[in-house]
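Several structures are given next for inspection.
Both of the next two complexes hold subunit A, though its partner changes from subunit B to subunit C.
Coming up: the complex of A and B.
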């Protein structure tokens, strides 16, 4: 294992030191591993707290700042943060209008955020609402799985709900918009390689040079099926088709995100975006906004994911609203 | 060590033995988890049990309730993932069931284990056969309860064997909960890592009560 680290045990804490040093718009509560806005938002506005395992950067710490999150809780790599820390983040950012918890649908994240919401309810009068993202079409949403995973749509949701909160909308309003974004978003991912968690020291799964995993999540877990390596054009179809088969994207303006898993160079992500955009156009889908880059990663996994959101005028307006975070920044 | 009653010392010995078992099997647990999960179960449980040892040494609790509450809080606040809330809830509920007593009899211990396991079911919403820690804990409890007339030591030894058998029996199952469920049929053929740590937990109880 070759990594830019000191001690595998200290990766998260030492990364938080760098996150704080690199961005004057955030501060870090190192005891609880919470990244917060340096300048808290105005009183009377809804606050947004998200978090999850580390190793998905820039998610979530890179989305703390004006127009997006108020706090991000950093767990161990690929491990949910604990309830006491989520509680500390919630108490720290409440501005009197309640707090929205944004949770990706993974068993551990859901349980820890549940316990945190119970703690907040028991120990303060702060109102907490929760939105659980579950946009991954690779997983059947049935009684026989833990449900669809929350992946790429989380990024789009944090931007859009963050803008709604900045406008001074109520907690219920912000939650409803967040739920609407989740229900209209779909994602599909693939991997060319596994990734290596530093404390484990070796790749999470073995993937031969001539094979790829289709339908991966973001924690190094293997996908739904393993296939022979294929061209970018063929891979684009393997991402686009299951998404379009799951939901209609031809009757709304679409926000598209072609996301890198961490170790795929931008030149390949742009190439993939070109393939995906052409295929979508052929299928009558019109892309109104897009993101291409590493937005929700899986350490050093090579590969990509595609997220489509069937937006409406309000979502587009909130998408275009000013944002100032480490990873998304425009209009301000 | 006393075998007809279960004391604070027994509870502490149980936790020490569990911590040692987790530490010795850290790589094994992580290996199981990398086959059908995300390769962190051993690391996370070891971090949690080290915190448990520290917290118990600092608090030196005098009642069974406070021992298990200390254990539960330490796990909830250090393990993360799904194992933190699940093991944490198990011990917090056990602690609430045992309360201020400094020792208990076999029936009380059995009922506390049952309350703890009910907590795991409430938190994780899993059922028997879903390929989770429950598949080791539940047969262990059934075995423990079916040993009328036997000592706590003998009952725990039987429970440990039942838990190990339950662990091995998760291999042919298809996972219906947790990250392993994303694999569908590909989860078949692998032992569930949560059932493996739960078998270590019951093995540690047998060791502490022997």
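Coming up: the complex of A and C.
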């Protein structure tokens, strides 16, 4: 294992030091491993808290800032943050209008965010609502999940719900639009290589030099099947077809994200995007907006995932609204 | 070799298809492999043309747009674009105020941009000026270079000179500020792994599982030395010390870029940035602005580089000016 780290046990804490040093728009509560906006609270705004295991950067810390999250809780690599830390984040960001928890569907995350919401309810009058993302069409259940896994739609949801919150919408309104985004989003991923968790010191799984894993999860958990390596064009079909088979995307403009898993270079991601865009066009799907790059990663895994969101006019308007975070920034 | 590609021979052309599909602010002249701004020419503005071998994405195509480049020429992977293509780019973007060629110091690039400038001079009245970047302190000469190699400062220079051009400054002015940026910038890189050029099909060099290459070039060309793997803190010193030994950075605010080589995940780059920032502070260097991420890569190489620019007030003002490209976007 070769990584740019010091002690394998301290990777998350030391990465948070760098995140804080690099971005004057955030501050870090190092005790609780929470990344927060640096500016004072905006009274009356619904606050958005997300989080989960680390190793998926820029998710979630890179999405803290104007127009997206108010706080991100960083667990150990691929391990949910504990309820007391999520509680601390929730208490820190509430500005009198309640807090939305954005949770990817993994057993540990769902349980810990639930417990945090109960702690907050018991100890304060703060209202908490929760949205759980479950957009991954690859598998129904997995190693860490009952039901579908939450993956790429989480990025799009945090942007759109964050813009709704900036507009001064109510907690129930923001939760409803978040749930609508989740229900209209689907994802599918694949890996060329495993990832390596630093404390384990070796790859999470073995993948022969001539094989790929289709339907991979973002923690290296198994996908649908292993197959012989194929061309980008064939891989594009293996991502697009299961998504289109699961939901009709032909009647709304689509926000498409071609996401890198962490170790695939941009030249390959652009090439893949070209293949995906051509295939979607052939299937009558119209791409209104897109992202190409590393947005929800799996440490040093090579590979990519595709997320499609059937957007309505309101979602497109909220997507285009200003955002000022480390990983997404426009319009301001 | 496992990559998200179709035919190894068509990687550049097919990546350009994806670049064009993903970004409505650019168009691609596929015949000449030139990425151009989509908007009509801004009459009287100095135009900026850069380019070089592909495989360093987002450099240079990701920097085409308002506030940076007018055109980027994409050569084959790690191979200079031919003079006729650079000429085509230059003719396409001239808006009556002349064209600045921004060239990284590699023998092929310098020769081909020179020939292109001669072709343009012979066939049109367009004025061309050239700036050659040579910021890499690692080696004096290398496999592809006489003199120091041009690396990370190219990104900072394209941003700052691009902002000067948007202000309506003259060609000589824009060239002068570009040269000043180059003269005040220094870089140093390192690799944990080789990169693999798709047409070669195997890693450019072999690096044992417990070694790293210090002073690596962006094409996998040799650096200063091979060493046993070390901690992020030790690696930070191996990047910072040669740079500070080459130039004094204690009397100006610094723009710092901690750049990933393509396959190093963001969690590691943030951790490295924290180490670099602490070491710079200890050395009396004050960071005014920073970038952390993949900005000038070497295909699927794991590793990172550090670039420091001793900025003056004008450079900081131009740095903060609006920019609207795929890879850098703010203030608008």
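Keep this in mind: the second predicted complex is superposed on the first by the 325 of 332 C-alpha atoms of A that agree within 3 Å, B and C clash if a C-alpha of one lies under 4 Å from a C-alpha of the other, contacts with A are read in each partner's own complex, and residues count from 1 in each chain.
The rule is simple: a contact is a pair of C-beta atoms (placed from the backbone, for glycine too) under 8 Å apart; a residue touches a chain by one contact, two chains touch by 3 or more.
What you see is a predicted model, and the numbers here were worked out from it, not measured in a lab.
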Which of subunit B and subunit C A:75 touches, first, second, both or neither: first
Which of subunit B and subunit C A:106 touches, first, second, both or neither: first
Touched partner set for A:54, first subunit B, second subunit C, both or neither: second
Which of subunit B and subunit C A:189 touches, first, second, both or neither: neither
Touched partner set for A:269, first subunit B, second subunit C, both or neither: second
Comparison of subunit B and subunit C by subunit A residues contacted: C
First, second, both or neither for A:294, with subunit B first and subunit C second: second
Doubly contacted residues of subunit A, that is, touched by subunit B and again by subunit C: 77
List of subunit B residues in touch with subunit A within their complex: 30, 34, 37-40, 43-44, 47, 76-86, 88, 123-124, 174, 176-179, 181-184, 186
Subunit A-facing residues of subunit C, complex: 2-7, 11-12, 14-19, 21-22, 54-55, 57-58, 62, 77, 192-193, 209-210, 212, 229, 231-233, 235, 258, 262-275, 277-278, 290, 292, 294, 297, 299-300, 302-304, 329-332
Contacting residues of subunit A [partner subunit B, same complex]: 53, 75-85, 106-108, 111-112, 114-115, 138-140, 143-146, 149, 197, 199-200, 204-205, 217, 219-222, 224
